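Consider the two complexes below, in which chain A is the common component and chain B and chain C are the respective partners.
Entry: the complex of A and B
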C-alpha cells in the first residue's frame, strides 16, 4: 500500500511539524502532542479542549483558533490521546473560567478524558465535559458501547466555541454543546475501507459492487453490507436513518462530509440529494458544509450530519471563526 | 516470587506482545480499528525502558510502574484498562507486603493466613488492610497474594470498563484465569501448576469469545457481525498469562 509517509511510527509527529509550519496562528507542542492557539489562553474565557485519535483530519487540530477550540490533543492513528496529553492541554488553555472537554463517545476517549479531568480537578481546574454521540447507525442500548461521536463534533466545537468567545460561563458553554449534540444526527456510508499506516492493509475487504452502510470513522465495517447504488439512493438511505431518529423540520444545518478519499464533486452530488430530501420533509438546508471535515484516513464514502437549528444556534454558527479548516466573518 | 520474578514477567510479556503484534492487530482489524497489537507493543516497549531506567524495589513497585507507564503511553481503551489492572495488582502486593498494624487486642501479625475476600480485593488501597497475609519475607509474594492481586486487577478493570463476562472483552479471559488461580492457591497447588491452570482458563476464555456478540467497546458497533471473531483484548490477556507461566517455568 502506497502512502505519503516517512515511516508508520512517525506519521503523527511528522504531520504536526507540517501543521506548525503551515499555520502560524497555531503553537504546536510536538513533545506533548498538543496544538494550541498561538496567543495562549484568553483571560476570563472558557477554554475548549478536544482530542481523539489521529486520522480524522482536519478534526481536531484543524479547528483550533478563534471561535472554536483553544487546544487539541491528537492521539496515535485511531487511538485516543493519553491522560497526560489532555491534562497538559487543559492546563495550557485555562484562562481562569474553566475548561470544556469535547469528547466523542468511544470507550477509550471517554476513559482517557475522565482520567485527565480527575487529575485537573486535583490541580484546581474546573472541567466539564460534553459527550458527542450522534451516529444513528448504532443503537444506544445496554448491548453496545452507545452511539459513536461523529460529524456533530464539528458543530459542537464551532457553536460552543462561538459562545465561549462572548464570555459565557462554563455551564452555559457546556449547555449549548449538549444542545447541539441533542439536536444532531449522523449516518455514514463507505465505498471502500481505509488503510491504517501501521497495519499496511485495508481494514476490511469490499468488492467493487458492494458498499458498507452505517460506518464509523475508524475504518471499522458498518452495520450492514449492501450492493452499490446511485448517490440518490445512498443519500436517501442515510437521510431515512437520520429522519427516523430525529424528525426533520424547519431550519437545519447540514454537513455532507467526505471520509477522506472522496472527490468533492461526488460530495456535491450527494448534497443535492440531501437538500431535496430535506425539502420533501418540509425542512430546509439553511446552513451547510460540504467537504472533508471528519475523515477516516483514505476511506471513500460520505457521512451526512443534520442539526435542527434554533435562532441562537444559527447566530452562533454564523459568528466569526478563524481556524485552519473553517474560517469566515472576521 | 520476588521483584526480579515480576520484572522478568513484564519483560517476557513485552517480548510475547511484540512477537504477536501483527496477530493482535489482525484480530482487531476484523472487529475493531486495527491497532491493538501496535498500541500494546508501543506501551510494553515503554514499560521495558521505564523498568530499565528505574530498577524497582518491591514486586508491587514493578507492577505499579508498569501500569502507570501503560496509562501514559498506550491511549485508547487498552491503555487505561491494562494500566489499571497492573496498578491494582501493584497496590495489592504492596499492601500485602506491609505488616498489618497490630490491633491492641489482636494476636501478632504473620499467622492470620487469610486471603482478602474477593469482593474487597478491588478496593484494597490502604496499606495494612485487615485480613491481609503478612509477607513471606524479603519481598516474596505467595501464590495466595498473587491470586488476590489478580482479583484486584479484575475488579479495577470491571469498575473502569463496566464489562461483565460474556460481553466479549478482556474480562472473558481475565475472570476465569483469576478464578482458576484462586482455586489453585486455596488448594495448595504448586505455583507452576497453578499458573498452568490460570493460563488454560485464560486461553479457553479467549477462545470462547469467538461465538459471542460484543456488548462493550468498538466491536459492539458491529452488532451481530462481531460474532465469529476472537476478541483481541481477551487474546492479549491470554498472552500475558502465557508470559507469566513461561517465567515461572524458568
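Entry: the complex of A and C
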C-alpha cells in the first residue's frame, strides 16, 4: 500500500489540519473533529449538519459554507461519527431555529445521529433529520437496512442549504430535503477496489477484466460482477437501473461522480453517454456536476445520480453557494 | 487495462461531447477540437489561448471562461495540439486586441504554437506567447529542452486571464503571465504510473514500495526513485527542491495538485505539511488550491506549485472567475 499519509491513525486529523490551512472560511475543531463555517451560527437560520465516515471527500466537510452545510462531522475512515461529535456540531450550529441532520442510510450513521438528536432535544434544541437512501443497486447491504445513501446526499445538502438561507422553517427545510431524496436515484460501478489505510489491502478483489455493478461507496458488494465494457454500455446499465426505479422525464439534475481514482476525462466520456440516454427517454440534463463529489478513497469507477427537477428545486440548486467543493453565484 | 471509455481512438472527442453537455457556458467545436467561451471573443479584450495534450484534465478546457482562457486546444492523449487547431482557436478568440498563447514547455507544444502564431501573424493577428517552465525536477527531459511546464500553468492562466478582463494590452497581459511563471516553481511525486488508453499498459513500472521523485506529467522520469515514505517526508523533499531554486518568503499561492488517482483526503494531508514547511521558512500560504487541476490520467501522486505573491498578483488571483474547474467571485 502506497498512500500520501503520515500514519493510518492520523489520516483524518492530518487532513483536517490541511483543510483548516486551505480554507479560511472554515473553522476546524480538530479535537472534536467538527468542521464549521468560520462565522458561527446564523441567528434565526436553520442549522444544517451532516457527517459520516471519512474517505468520501469532498463529502461532507467540503460542503460546509454559505448555502450548504453549517457543520460536518467526519468519522474515521468508513466509520460513523460518534454521537458526542454530532451533538457538539449540532449545538455549535444552533441559531435558534432548529437543526436539520442530513444522514446517509447506514446503520451506524442512523443510530449515532438519532442518539445525538435525542441528547440535543433534551437540551432544548429542535432537531429533525432527513434520511438519504437513493442507491437503487441493492435493497439491503453489508452496512444498511434498506437502500444505501450515496450521491443524492450532495443534492440534499445543496438544495436544503439554499432553502435554509432564505429563513425557511425547520419543517420546510426538512420537507425539501426529503423531496430531493424522493426524486433522486443513484447507481455505481467499480473498476477497482479501494484500500483503507488501516487495513492496508484492497477491500475486495476484482480480476483484470472484471467490474462490479452496483458498488457501494465503501466497496460493499453491488448487484453482480461483469466483464469490463465500453463506457456507453456501463452508462446504459446504470441508467437503466435508475430509470426502472424512477422513470426519467423532464428537467433533471445529473451528477457523474468519480469514485476517487478515475480521471476526469473518463467522467466526461460517461457524462456524454448519460446525457444521450436521458434525451432518448425524453428527459434533459438541465443541471449537472461532473467530478469527484462522493468518493471511495482511491477506487476507480463512477456513480450516476439523477434528480427530477421541479422549478423550485432548480431555483434552489442555482442559488449561491460558497464551500470548498461547490462555489457559484456570488 | 480497465477504463471508462468507448475506444482509445475516440476518448478525446467523446469527452468533448460530455463537456459540451455539462457546461452550457462553453462552445465545443468537436471537429476542430477547440473549446471556446459560448459568447465568442470580447471586443477589445486580449484573447487567451492555451492547449496541450489531453489526459491532464481539467487543464486546459476546464479553465475556459470569464476571467481565464478564451479557448483551449486539446491534443490527443499526451500529444501536442496541431498548428491548425491552435490557429483556428486563435482566430476564433481574436477580439482585435491580440491573442496570448500560454504554452507549457514541451518541444511539440512550443513548435506547434509557434507555427500557429506565425500563420496568424500573416493574417494580421498579433500573437505573443508566454512559456511556462516551472518544474524544478529536471533540466531537460524526454519531451523537453529546459524545464517542463506543469502546475504554474494554472496560475498563469488565472492571473493573466484576470488582467485581460480589465482591458489591459497584450504586452501587459504577456508581462504578468511571464512574471507569474518567473515567481513559480513546482515539483511532483508519483506513487504509481499512469496508463495511456492507446498503449494499454502503464507508462513505467514502480515496485510495491517504490515512488518516483520529480515525476513529469506524462510519466516521464524524474530525479530518482526512492522507497515510499510518509507524506511529511515527501512534502519536505518537494518543498526543499522548490525552496532551493526560489527561496520562499512572504505571501505565497500554493497548489497541492492530485495526479488524477489520488484521493482528496490525502491531498489535504500533504497540504498541511506544505503549509507547515512554508511557515517554518517564514512564508505564508495566503492563497491555495487543493485538488485535481493538472493531472496525468490515473497516476497516483501529487505535485506542489508555489508562487511568490505580490499585491498585484494577489488581487488578480482573487478576481472573479467562471470556468468549469475554477469558479468564484460573482
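Note that in this section the second predicted complex is superposed on the first by the 325 of 330 C-alpha atoms of A that agree within 3 Å, B and C clash if a C-alpha of one lies under 4 Å from a C-alpha of the other, contacts with A are read in each partner's own complex, and residues count from 1 in each chain.
Quick note on the criterion: a contact is a pair of C-beta atoms (placed from the backbone, for glycine too) under 8 Å apart; a residue touches a chain by one contact, two chains touch by 3 or more.
Note that the structure is predicted; figures quoted are calculated from it, not measured.
By the document's definition of touching, of the two partners only chain C reaches A:21; chain B does not. Counted by residues of chain A touched, the larger count belongs to C, out of chain B and chain C. Once the two complexes are overlaid on the shared chain, A:169 sits clear of chain B and of chain C alike. In the superposed model, A:249 makes contact with neither chain B nor chain C. In the superposition on chain A, A:145 contacts chain B only, with no contact to chain C. Touch criterion met: A:199 reaches chain B, while chain C stays clear of it.
No residue of chain A contacts both chain B in one complex and chain C in the other. Within the complex formed with chain B, the residues of chain A that make contact are 53, 75-84, 106-108, 111-112, 115, 137-139, 142-145, 148, 196, 198-199, 201, 203-204, 216, 218-221, 223. By the touch rule above, chain C contacts chain A in their complex via residues 2-7, 11-12, 14-22, 54-55, 57-58, 62, 191-192, 208-209, 211, 228, 230-232, 234, 256, 260-273, 275, 285, 288, 290, 292, 295, 297-298, 300-302, 327-328, 330. Contact residues of chain B toward chain A in the complex are 25, 29-35, 38-39, 42, 71-81, 160-161, 213, 215-218, 220-223, 225.
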